[in-house]
Structures are given as C-alpha cells and as structure tokens.
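Here the chain labels run A, B, C and D in written order, and each chain numbers its own residues starting at 1.
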Amino acid sequence: MRLGFFFREAIRSIKANVAISVAAIVTVMIAVFILGTFIPSYLYVQSTVNQQKSRLDIQVYVADAAPQSQVAALQAQIVALQSQGLIKSFSFISKTDALNQFKARLNDPSILTLLPNNPLPASFDVRPADPAKDGQIATALRTSHAIDTTMPGNGISYAETTTNRLLTIAQFIQYAGLVLIAILLVAAILLIGNTIRLSIFARRREVEVMRLVGATNWFIRWPFIIEGIICGVVGAAISVVILWIAKILVVDPYVSTSTGGLTRDSATTIGFGTLAVILIVAGGAVGAVGSGFTLRRFLKV
Amino acid sequence: MSTDADAQLNSESESPAPARRTGRTAERRIDRRSILRPGDGSMVIFDGVTKRYGEDVVGLDNISLSIDAGEFVFLVGPSGSGKSTFIRLLIKEMDASEGTVIVGGRDLGKMGRSKVPYLRRGIGCVFQDFKLLPGRTIYENVAYALEVTGDAPKSIRRKVPEILALTGLSDKSDRLPNELSGGEQQRVSIARAFVNHPRLLIADEPTGNLDPDTSIGIMQLLYRINRTGTTVVMATHDRDLVDKMQMRVIALEGGKLVRDERSASYATVEP
Amino acid sequence: MSTDADAQLNSESESPAPARRTGRTAERRIDRRSILRPGDGSMVIFDGVTKRYGEDVVGLDNISLSIDAGEFVFLVGPSGSGKSTFIRLLIKEMDASEGTVIVGGRDLGKMGRSKVPYLRRGIGCVFQDFKLLPGRTIYENVAYALEVTGDAPKSIRRKVPEILALTGLSDKSDRLPNELSGGEQQRVSIARAFVNHPRLLIADEPTGNLDPDTSIGIMQLLYRINRTGTTVVMATHDRDLVDKMQMRVIALEGGKLVRDERSASYATVEP
Amino acid sequence: MRLGFFFREAIRSIKANVAISVAAIVTVMIAVFILGTFIPSYLYVQSTVNQQKSRLDIQVYVADAAPQSQVAALQAQIVALQSQGLIKSFSFISKTDALNQFKARLNDPSILTLLPNNPLPASFDVRPADPAKDGQIATALRTSHAIDTTMPGNGISYAETTTNRLLTIAQFIQYAGLVLIAILLVAAILLIGNTIRLSIFARRREVEVMRLVGATNWFIRWPFIIEGIICGVVGAAISVVILWIAKILVVDPYVSTSTGGLTRDSATTIGFGTLAVILIVAGGAVGAVGSGFTLRRFLKV
C-alpha cells in the first residue's frame, strides 16, 4: 500500500514537472546511447584485433640433415607445449609442400625443375594460443637439434616485427578503448547525477514544505528515488530502441552486404539483448542512486 | 462574540463527521500520531529563549513564558517583533540560540533530527506565506498532511472534503495553489493545519489576506477547535479580532516580551 | 485623518530629497520613462471587462468603470471576489477575456508584447505575494526597478536609500528577502513600487502583513504620493483604514461590481 | 555601462546559484572533455590509416619481349597520369633488380645461378595518389603493348584484395569516427542545452518577477547569456587543462617511448593549441546559445 502511494507520488511528480523529467530522461538517454554505441563497437574492434592476432603463426624450419628421431622429438615438444596451453594448433609442412607453395608464387614454375634439389626446408607451422608468448615458445623449441638454423630467425621465424606491431595496435585499442569507456561511464554518471541534482534543486522549496508538514526523510525520498528509477529506465529504454533501429537500418545491412575486411571475419560482439538489459538496468540504477544521494543535501536540518 | 461563534459553528457542523467518529475518541486518535504528552499541563514552555540571526540580528530576546494545554493565545506585536520567530522555534524549524524550548513535554533542543517529523505531526501550523506544495491540487495539499502520518486512504477520503467544506473551499478542491486568490490559499493552509486534529495549533497571521467576514469565520473555527482541547497560538495584526475575543495576549516588541495578559485587547490603551 | 496624515508626512519628509530634485519637474521625470498619457483625464477605463479562468471560473464579470488621473480608490470585496484579477489586468499580467481595458490612454488588448515592459515601468505595483527577487538583497530588489528603466547609477544610489528610509527598512538593506519578516517583505515590495515615482500606483493588500501602526504609516505614504498627482488603486481588507480615509470605494463580489461610491466606508451599513 | 551592468548581474547570478552554475560548468566540462579526447584520437587514427593507404603500390610488369620504344611509351603514359594527378610517384625495377629482390628472400640464393635465365620480368612500381583509383590507373595502362600479360593480374597487379580490405577499414574508421563525433557533438549540445534549460527553469519565478517589474526581454536575457558564456568558457577551460595534464602525463611519454606501429609512423593529429581554442570557443558559444534559446520559453506572454 505504501509502495503504491510512493509510486503514485512519483508518477504525479513526473507529470507535474514535465520539463524536469524530460531533462532527466534526455540526459540518461544520451548517456546510455553513447555507451550503447561504444561498448559494442569496442568489443567488436577488440574481437577483430584478437582474430588477427590469432593468425600470427610461428615457422619452425626443420634442417634437411635432421634425423627422423630429432624431428619426432621436436614434434613431441610442440605437442607438450600444446597440452600446456601455449600452442593452439600446428601443422607439418614437408619439403615438397614448401616447394609447391613456392612454385605457386612464380610466373614460370617450370624453371624450378632445373634446380638440382629442393632448396626449401620442411617446417612446422605453429599457431600460438597467445601471440604475445611467441618468444616463450621460440625459446622452448630452440633446444631442439632438428632446427635449421640457417633459415631466418635462426630457424624459428615468428615475424617479430609484425607481431609486435599488431600487438601494439591491439594493446592500444584495448587500453584506449577501456579508458574511453571508463571516461564515458564516469561522464554518464556525473551527468545524470548532475541533472537529478538540478531537478531536485528546482524543487527544494517543495521538499522544505514537506518536511515542515511532518514528512520523514524516507517518506520524501522514496518517491524521488522511484521517479529517478522511472526516468532512468525510460531514458535507457528510449536509447535502446534507437540503438535497435540503428542496428536494423544501418549496421545489419552493412554487415550482410559488406565484403570488406572488418566484417567478413565474423568477429563477435555483445548480443543486443544482453546489452539492452545491461543498459536499462544501469539507467534505472543510476537514476535511483542519483536521486537518493542528491536528496541527502536537502534533507538536512 | 464567543457565543455568536459557538452558535454559528454548531450550525456549520451539520457535516456528519462527529457521528462517524464513534468508537475511537478524539484523544486516542491524536495519541496515535503525536509524540506530544505534556506532563504537567504545560503545552509550551519557553525558558530564557533567545534567537539570534547571524551576529547582529536578534529575533527573540530572553523570552520566558508558559502556555497551558488547552489555552488560546494571541501573539501580537509590530512588524518584525519576533512573532514568526517564536512560531518557528515551536516547530523546530530552527533551534534557539540560548534557553530551552519545551513543547508537549519535549525539550526541542535535545530532540534528535529523526524525531522532528513526529513532533510536527502533532502540531498544525498555518504559515504566514502559506507554504503550499505548488504542483498539487488543493485536495492533495490537504491530504498530504494525512499521508505523512500513514493514515488510511479511506480515512483520508473522509476527512479532507470535510475540512475543505469547513473552510469554504469545496468547489476548488481540484485547483492548483497558483489558481487561487490570496485568501483562498490562506484558507488551504488553515485547512491543512486543521485536518490532522493536532494537539497544538499554531497560526501565523491566518487572516492577513482575508476579508473581515471570512476572518470571523476562521476565528470561529479556531475557537471551536480550541474548545475541543487543542492549544491554539495565533500571531495576528487584526486589532478587531483580538479585541473581540478577549483571550490571553502575548505582546512582543523588538524580540522582547512586553506584555502577557489574560482576557486582553490588542493594545493596552484602546486608541 | 487626512490632515493627520499630512502633518505626519510633512514631518517625515525632512529627507533632503525634494531639494535635490530642483531643475527637473516631477512631471518630466515621469514622462521620460512612461508611456502612460491619459488623454481625457481618465487613468483607467474598464469597459464591459470579463475575465474567465478556464471554462468555468469567472474572475471578473462584465465590469465597467473609470478611474480619473489623480484619484485614490479602494478596491474591496471578500476573498476571491476578483480584486487581484482586476489588478492583474491593469498591468497586463494577463488579458481580459472580453471587453476593453484602457490604462493611461492605451488599449491593453491591442498593445504589442514588446510594449508591455514600458507600460509596467509607468505603473508601480505592490503584489499580494510581494514577488521579490530571492537572490538579491533588499537594496538590489528596489534598485532593480530603476535599473530596468536605464536610470543612471548616481540617481539609483540616491533614490533607493531614500525610499528604504521612508518604509523603515534602512538598517535591512543588505538582507535577502527570506531573512526578513513577512511585514518587512511587504514593505520592500511597497518601496520597489514607489521608487520609480509612477503615475499609477497599484497596491494589492499592501497592509495584510502589517500591524495597525505600520499600516497607518504606509497609508500616509500612499496618501502623500496620491497628493502629488499619482493615481492610487489599493485592494484591501482593512476595514479600519477604509473607514478612516473616506475615499472612493469600489466593491466587488463574485467578480461583479456591487458598489462604487465616493467618500465611502468598507461596507455600506456599518456593523 | 550597460554591458558592465549585465556582466555584474551575470556574476551575481553565478554566485547566488552556485549549485546551478556548478551543474552547468560540469556538463560543459564533461562534454568538452569527451570531444577533446575523441577529436584528436579520431584525427590520429585517420592519419595513420591514410599513411597505410599511401603504401599500396601497383606493379606493372613489362614483358621481356617488349621493344624499348613500347617500354618508353608505357613510361610516358605513366608520366602523363602523374601529371594528371592520378599517380603520386613511380619507379622502374629492372629484371636484375627483381631477381636481386627475389634472391634476398631465399635461404641459399646460390642455387639461382643454376637457372638458365632470369625468370622474373622488369616492372614499374607505381604509387597512386588515391588507392581507390587503382582500377582507373590499371585500365589506362592496360592499352600498352609492353605489358607482360602472363603475370598475375594480367600484368598489372595492384593487390585488389589488400587494397579493398584496407580501404574498407579506412572508410569504416572514417565514417564510424565521423558518426561518433557527430553523435557526441549533438549529445554535448543537447546536454548543455538541457542543463541550462533546467537551470533557467529553476529560476523561472525570478524571470517572471523581472518581467512584472518592467524589464524588457533583452534586459533579462543578456545576463543569462553572459552567464551561459562564462559557464561554458569555464567548463571548457577546465576540460582543456585536464586534457593538457593527460597529454603531458600520459600521451606524450607513451608517444616518445613507444616503438609500436601506431606511433612511429609519426602520424599527425590536431595541435593542442588549436584544439584548446576550438573547444573553449565552442563551450562559450554553446553556453550563450543554450541560455538565449531556452529563455525564449520563459519570456513569452
């Protein structure tokens, strides 16, 4: 019954102070919209970068002279690292495979038949679980005697430069993105708190009168908190609808028709449903906390 | 005059309210919401009370007096003499700078902040500037004073129209305060102070914006309320009313108590 | 009474103001700021004026009357009879639903929105709820009425203390409105309305929050202002004042004009 | 003199309504801070992407059999396109150069000496002014008879896939960035307008009284506009200071120590001075417009 009263009070207040309610709703809406744009974008970029990272293979060249036992030992070492979780997958490329791959890159492959022997070594193509640990894998495998140290990278080539560069980009995007999202999140909370503060400030006389008539602090506070929750949820919900429309009208067609690099990798991002729920709950929570917290100032004395 | 008032009040109170109230006495209903329990029969005790605003301004200057439960007191004095200050101390809108204020047996200086709402529920207050809630209708404004006490919706729906009828506002119950004339707003403030059947009723200039006839009606209402045992403290400038009623008069001037007489007039020497 | 008032006012006006004003006549100073130029000697003409609030509520009902330049008029009537509505029409706070309101020769119904500020500068208005600017000191509140006219700072610094002294607020000029008693706020509102030396002075219940003595002082001030040629319209409930002054009385009831007499009392038959 | 009065009024109002002024300043601050983070980030990423784009060269393979005159004609064609602005620069890679480049990629280059002849063609390495116009350049040059049509891309190879992919990324970043900045800009203006609206709403009674006392609309409006400008400029200035501290403490050290790919390309972004001026002016302008515009609602009747 009391809850019913507080709820009716909140609704009444929203109606009576349309300007204020609209302002609060718009603020939540904008804040949530920005977060709703950035969070999935960030996760998408993040996932794309991770996919690219996972394509950085390590080439372990096997010396022609290495006996079969040494090659088997090397493979066992790789399998051991795989079971440790350092390596995701690997494949063996024989000398013939290597030559065939090389041939495919030449204009007139027939000339290679003139070579006295196959100049290319066999190799293991190792896909690390985490490209940042390339160095660790390389160090571990370097003990093997099967390695052809005349090849680039002393026989273990893992495109250090490319890896580093990509990792730097990935790290940059990861940190910068997190920092930006954190900034936006803090900004959103500040902005919403700000608006609610102003809206309660505009009604400070009303609060004063309520107190003079014998209302307890919580009696005054509950309707404001409920009002905050309603404004927060409504603002967030409007944002979610706009985001959904944007998704349907802009993002989805773009994804399905695009042949570009960014989309065809089927990088994943957060599901819309999850996002919507998170945003709406966050909107309501921020509204509630903002109201309840701000009111403390006006409930002194 | 007092007989006049009684007669008219009795004719006015053809409203069925008293009949409905059977079963619970007025006393018990008040106790349920109020923390005012004057032990020794004094509703208000001021003991050496001084109120300073800032450094220089003295609102009240070393006032000592006592008002018994059930009394009717006029508070008079020129503009700025400290009448409203006196009243604001009674509802603990602010604290005295010095001295003790005791209301209903409670020392307000020692009362915790969380108790204040309960104190105020036991006191009906008509404010000089009305203090209505701007976004609410007249009905809602009056009902709010009952809502805060947790009164049942049914009870609220009965009491509010009753008091609005008594103050002549029945046909305006759906209006907002800023859609009323000054005098009508003042009557809403009076209705809100009455609706709770408080033990102590304080009115700061309740007839300032009312014509003489309406003023007399309000006075009659106050008088009847007083007769049911409610203590009434009324600040006023209305010489005619004070002179006609011949009740206790407390006169302030420059924050000082200059006169405290029973059955007195507005001024000592009639002009 | 009027002689009394005069005598006291003359003794009060030992302030050096009149001496300083030599060189410019009061007339010319008023004309510089006001657009009020009553052609035929009528300051206010109401012709069949009706004011409806919404659908049902009638604030004023088919009022026709005229107030000459230089007249002193009391507007009386019970609470909610339409006095404030009358006054709000005069300053074009709102427009009449029907009929013509002419102030200072200007038809307010036809007046463009951009002219309204200039109309209001020519009218001093004491509002029933004071309408002071909350964030400003008393001095600033009064000075604001001069600032809007583009008055010179020197002139403002001269006039404001003068009028504050006249209304007994000299020692409160640095206070904020909410640091004043009700009566003091009312006097600030009066000071602000006077400071501009308007041709038409309107006062809505200017003594509602004032004790009898201060009320008489204010009345004397109004009377003196009226004697310098200013038209004064005053809504009031103060029976004593009206009876003592014996000026023109316009009585409203339920929005209707029920009486309009010269040299009359508050009520037709003295009670 | 009048301006002095309005200015004093504005200052007075700011002091008298600290809560409101702080709210307005905080809103501008946050909005400007976000813009101040995103605009340079966007320009930086944009510039990095552009640099990458400019590295996409077109290979025009010259047939071994082509007579010198045809090769000269092809070169003339390229020079003509360059003077049209389609091509930025080009270089000629002779058969020997091509073989040397190929040798550098082999483990045991000596085996190439066993080849009867050089299997690699000579080529022009053409750097287009705009990689999106690769196709146009290719079509123009295809008329030449000097081209070795047995080579990949019928003799004109311009890494269509890579180009497309990179262009897609570039476009994506360009459009997405612009959209985000536009969203943030609109959001900032809405938020600031919102706050100012609320702040004026809280003082609507004051405005009403001013009007009743005979103040003209502009007399009321100027102090509010000046107040808006002051709050806007102060908010923006605080943001600029925070951004500057962030630049000094975080971005600059990162840039100077990082060896990563993102920074060593010396991609450029907007200068801090310019950015500061733009942000502060924008803050003031939005504050002024916000106040002036909102007041219209309360200056009716």
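Simple rule for what comes next: a contact is a pair of C-beta atoms (placed from the backbone, for glycine too) under 8 Å apart; a residue touches a chain by one contact, two chains touch by 3 or more.
From a predicted model like this one, the values you see are computed outputs, not experimental measurements.
*Asks:* Need the most distant chain from chain C, centre defined as the mean of C-alpha atoms.
*Replies:* Computed centres place A farthest from chain C.
*Asks:* Nearest whole angstrom, what separates the Cα centre of chain A from the Cα centre of chain B?
*Replies:* 64
*Asks:* Take the average of all CA coordinates in chain A, do the same for chain D, and state the distance between these two points in whole angstrom.
*Replies:* That gives a centre separation of 23 Å.
*Asks:* Between chain B and chain C, what is the gap in Å from one C-alpha centre to the other?
*Replies:* Whole-Å distance between the two chain centres: 32.
*Asks:* What graph shape do the protein chains here make by touch: line, ring, star, complete or other?
*Replies:* If you draw each chain as a dot and join those that touch, you get a single closed ring.
*Asks:* Once the touch criterion is applied, which pairs of chains come out as touching?
*Replies:* A-B, A-D, B-C, C-D
*Asks:* Inside the complex, what are the residues of chain A that reach chain D?
*Replies:* Listed in rising order, the residues of chain A that touch chain D are 19-20, 23, 26-27, 30, 33-34, 37-38, 41, 106-108, 111, 114-116, 119-121, 150-151, 164-169, 171-172, 176, 180, 183-184, 187, 190-191, 194-195, 197-199, 201-202, 258-262.
*Asks:* Would you pull the chain B residues touching chain A in the complex into a rising list?
*Replies:* Residues of chain B touching chain A: 91, 93-94, 113-114, 116-121, 125, 127, 131-136, 140, 144-145, 147-150, 153, 192.
*Asks:* Would you pull the chain C residues touching chain B in the complex into a rising list?
*Replies:* 53, 57, 76-80, 83-84, 128-129, 179-184, 186-187, 204-205, 208-215, 237, 239-240, 266
*Asks:* Can you tell me which positions in chain A touch chain B when the two form their complex?
*Replies:* Contacts found on chain A: 1-2, 5, 12-13, 16-17, 205-206, 208-217, 219, 301.
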